[in-house]
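First up is the structure itself, then whatever we jot down about it.
Per-chain residue numbering starts at 1, and chain names A, B, C and D are given in the order in which the chains are listed.
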Amino acid sequence: MAWNEIVCTIFLALGCVVTLTGSVGLVRMPDFYARLHTAGKTDSLAQLLILFGLVFVTPGPVDEIGGWLIRVKLLMVGMILIIAAPTATHAITKAAHLSGLKPWTKTDPGGEPK
Amino acid sequence: MTASVLGIYNYWIYVLLMMIGLYGVIAKPNLIKQAIALGLFQTGIFLYYISMAVIDGGTAPVWTTIQDGAQKFEGPYDNPLPHVLILTAIVVSVSVLAVALALIINIKRRYGTIEADEIDEIDQADRLAEYAAGQAFDAADEAEAEAQPAIRAAAAAAAHAGHAHPGSHV
Amino acid sequence: MQLVYLITAVALLVGLFILGIRAIAGPTVWDRILATNAIGTKTILFVTLLGYIAGRPEFIDMAIIYALVTFITTIAILKFAEKGRLD
Amino acid sequence: MTTIVIIDTLLLLLVTATAIAIIEVRSLYASAMLTSVYSLLMALVWVNMHSMDVAFTEAAVGGGISTILLIGTLVHLPREEKKLKKRLHAPAAITCALAGAALIYGTLDMPNFGDPMAPIHHYRVPEMMSQTVGFINQTKGKQPAPEGFDPYAYRTFNGAVQGIPKDPTDTAWRETSIIAQRGIMVPQVLTPGHEPHHEAGHHLHPPDDFNGHIPNSVTSLLAGYRGYDTMFETTVIFTAGVSLIMLLRRPRREGEAQKSAPMTDQVILRVVTKMSIPFILLFGLYVITHGELGPGGGFQGGVVLACGFILFALVFGRPALYRVLPPRVTDVLTGVGVLIYSGTGAACLFFGGKFLDYSALNAASPGEGEALGMTLVEYGVGITVSMVMLTIFNQLAEEQSK
């Protein structure tokens, strides 16, 4: 393995771990707001890790137009996601909060129908 | 490359998807569900077509040339024709869905429900009411027809009586 | 390297499976919307990865379109849940 | 190949589970949401099978537009289907089981997944691919057909080889197979002076350089070989838009106020939308224009354009959209797209070619003529598709104001 492949592998492995954590959290957490927490945070981190890892293994010589185009597009995807995903999460939260969904607490577990 | 279950597994999934769609179309009385199920059925067929296009070790049928017409990828390209067929089919399927939804909205306006069996019941009731109305109309007609001879006789009697006074046509 | 990609892909798929449970089961509407949104993000990563698995990463445009579509669909679903209408 | 098969298997399992959930879940709203998930997963399957253009279309159309349309319809309808008495509809289940069994029995004779010797790769397609293949091998010279090559040969589920009289272990067979894998699909077409399938009127295009200048073969087949079909499919979409107008549009009274519920109270959403809409529209135009070089084209780009306008209507309200793009303009542009398509065909006639034979557009360099014609056609398709999708959305949304 060349050095760039090793770096990519590390990033991808981290991304996998974060992704799986987020997914499990989305199922395990007790109420909507806690799930939102796990889903929103881990999604943003995981996509950045994986996209950044893939930048290293993009084929094509660095001085060739094609290779650069792909790398720039990868970062562009990351940028779009960094803007769009939190916006969507924020909008969901706000709508849920305005609709009267109460957060779950240990003393008052009536936040949502079981 | 020996023949295996994995070799035709894809085709079984396409059958499964199609049958799920077909089951939805037959079993679910809700018209929206039926429209969605029709979409599932279509996707099954799309899957069948695209699966046939794959070639072992092939890549997407977009040639990339580096310089002077030299190919970056010499390997086989997947068959592009099914892709072309399905590409247009997907867009046509959304048009079909849109027209179906418009019809469903009109049905809701006319019947007040979108469950197929309730629509059938309403239709049946309408037909019965129509039939009853027709019966009543026929009965009235028959009564009129039965009354006809008497009326004619009366008219004839009147005309006969009229002979006594020529010029006065009733 | 193919093996690394494959393992990553399988991990993402497992994540998709788990999220699918939440999307199907999710007690409130908001849970479903959240799960749909998270599935969208995962598919973006997956589609990028598939390009590398196939050895032709020049089709990144797919990922951009996925990002846009996921965003728009989330907003539409959200608007319907919040206001009960779409315009 | 094994990677493809593994991912394919897992993805298809997921897809099937989603499909069952879509049918079985009682809330129509959840069903519509799951439809979006289903389409995104299906698009992943297409990408995995290297069908980029289809994946593009499926993601934009299935994940975006159809979900929005379904949700837009649900505004007037009850959000749950009524409770059925029986969980399983026995006649339907029996029908489906029988039909499914018959179809599965039929698949036993299918060639293997990914078999390069499958008939589909050898019968009709190579005839138009041959020119491409000729182009690929221009630098290497054309190779003659091997002895005993049978384009109809393929392997069935049982491993039996059909259509080839010889022993599969024969060297000729292996050679044929290698040549098929190399992408040289029907060698006999490549032999100069010997064109077995060329009846009169069969070919719409000059055999020398068709496809040679368009890297994306899907687009070149779409606009070239299947140009007529694509034109009439555009017309089908146009017809769908017209039917929607006829089914749902009511004449608006003068001075009638347009009701709407914009989401402008969410500041972050409003700002991000305002920032991203120019980008989305630009990206749509890029997809349309870039259709010859990479995945993309009129259908996909048109849907992306429509998505941009729909996002605008979602966040700022439909009256704001009507100020930007009045329904009258939308209606006219719907027809203009089809007109551009057929007008390009007519222009080809004018320049002395056949209908939709783009190479006539530039006599000096037929390849550039084809590129020009295909771009024009893609723009026609894109305009019609985007405007029809927008019309459909507008009509469904206008219905909510009553």
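Keep in mind that, in the parts below, a residue touches a chain if its C-beta (ideal position, glycine included) is under 8 Å from a C-beta of that chain, and two chains touch if they have at least 3 such contacts.
Owing to the predicted nature of the structure, the values given are computational and were not obtained by experimental measurement.
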| item | value |
| --- | --- |
| Pair exhibiting more inter-chain C-beta contacts, B-D or A-C | B-D |
| Reference subunit A; chain at largest CA-centroid distance | B |
| Chain closest to the middle, measuring from C-alpha centroids that were averaged per chain | D |
| Approximate Å spacing (C-alpha centroids) for the pair subunit B, subunit D | 23 |
| Rounded Å distance, subunit A centre to subunit C centre (Cα mean) | 10 |
| Whole-Å separation of chain centres (CA-atom averages), subunit C against subunit D | 21 |
| Subunit A-subunit D separation of Cα centroids, rounded to whole Å | 30 |
| Set of subunit B residues in contact with two or more other chains | 59-60, 64 |
| Residue numbers of subunit C (touch at least two other chains) | 5, 16, 33, 54-55, 58-59, 61, 64, 68, 70-71, 75, 81-82 |
| Subunit A, residues touching no fewer than two other chains | 66, 84, 87, 91 |
| Pairwise touch network: line, ring, star, complete, or other | other |
| In contact (per the touch rule at the top): chain pairs | A-C, A-D, B-C, B-D, C-D |
| Sites on subunit C touched by subunit B in the complex | 54-56, 58-59 |
| Subunit C contact footprint on subunit A (complex, rising order) | 1, 5, 8-9, 12-13, 15-16, 19-20, 22-24, 26-27, 32, 35-36, 39, 43, 46-47, 50-51, 54, 57-59, 66, 69-70, 73-74, 76-77, 80-81, 84-85, 87-89, 91-92, 95-96, 98-99, 101, 112-114 |
| Sites on subunit D touched by subunit A in the complex | 266, 268-269, 272, 275-276 |
| Subunit B-touching residues of subunit D, taken from the complex the two chains share | 1, 4-5, 8-9, 12, 15-16, 19-20, 22-23, 28, 31-32, 35, 38, 42, 45-46, 49-54, 57-58, 61-62, 65-66, 69-70, 72-74, 76-78, 81-82, 84, 88-89, 91-93, 95-97, 99-100, 103-104, 107-108, 110, 112-116, 118, 120-121, 124-125, 129, 132, 135-136, 138-139, 155-159, 180-183, 215-218, 221-222, 226, 229-230, 233, 236-237, 239-241, 243-244, 247-248, 293-295, 297, 299, 303, 385, 388-389, 392, 395-396, 399 |
| Sites on subunit A touched by subunit D in the complex | 83-84, 87, 90-91, 94 |
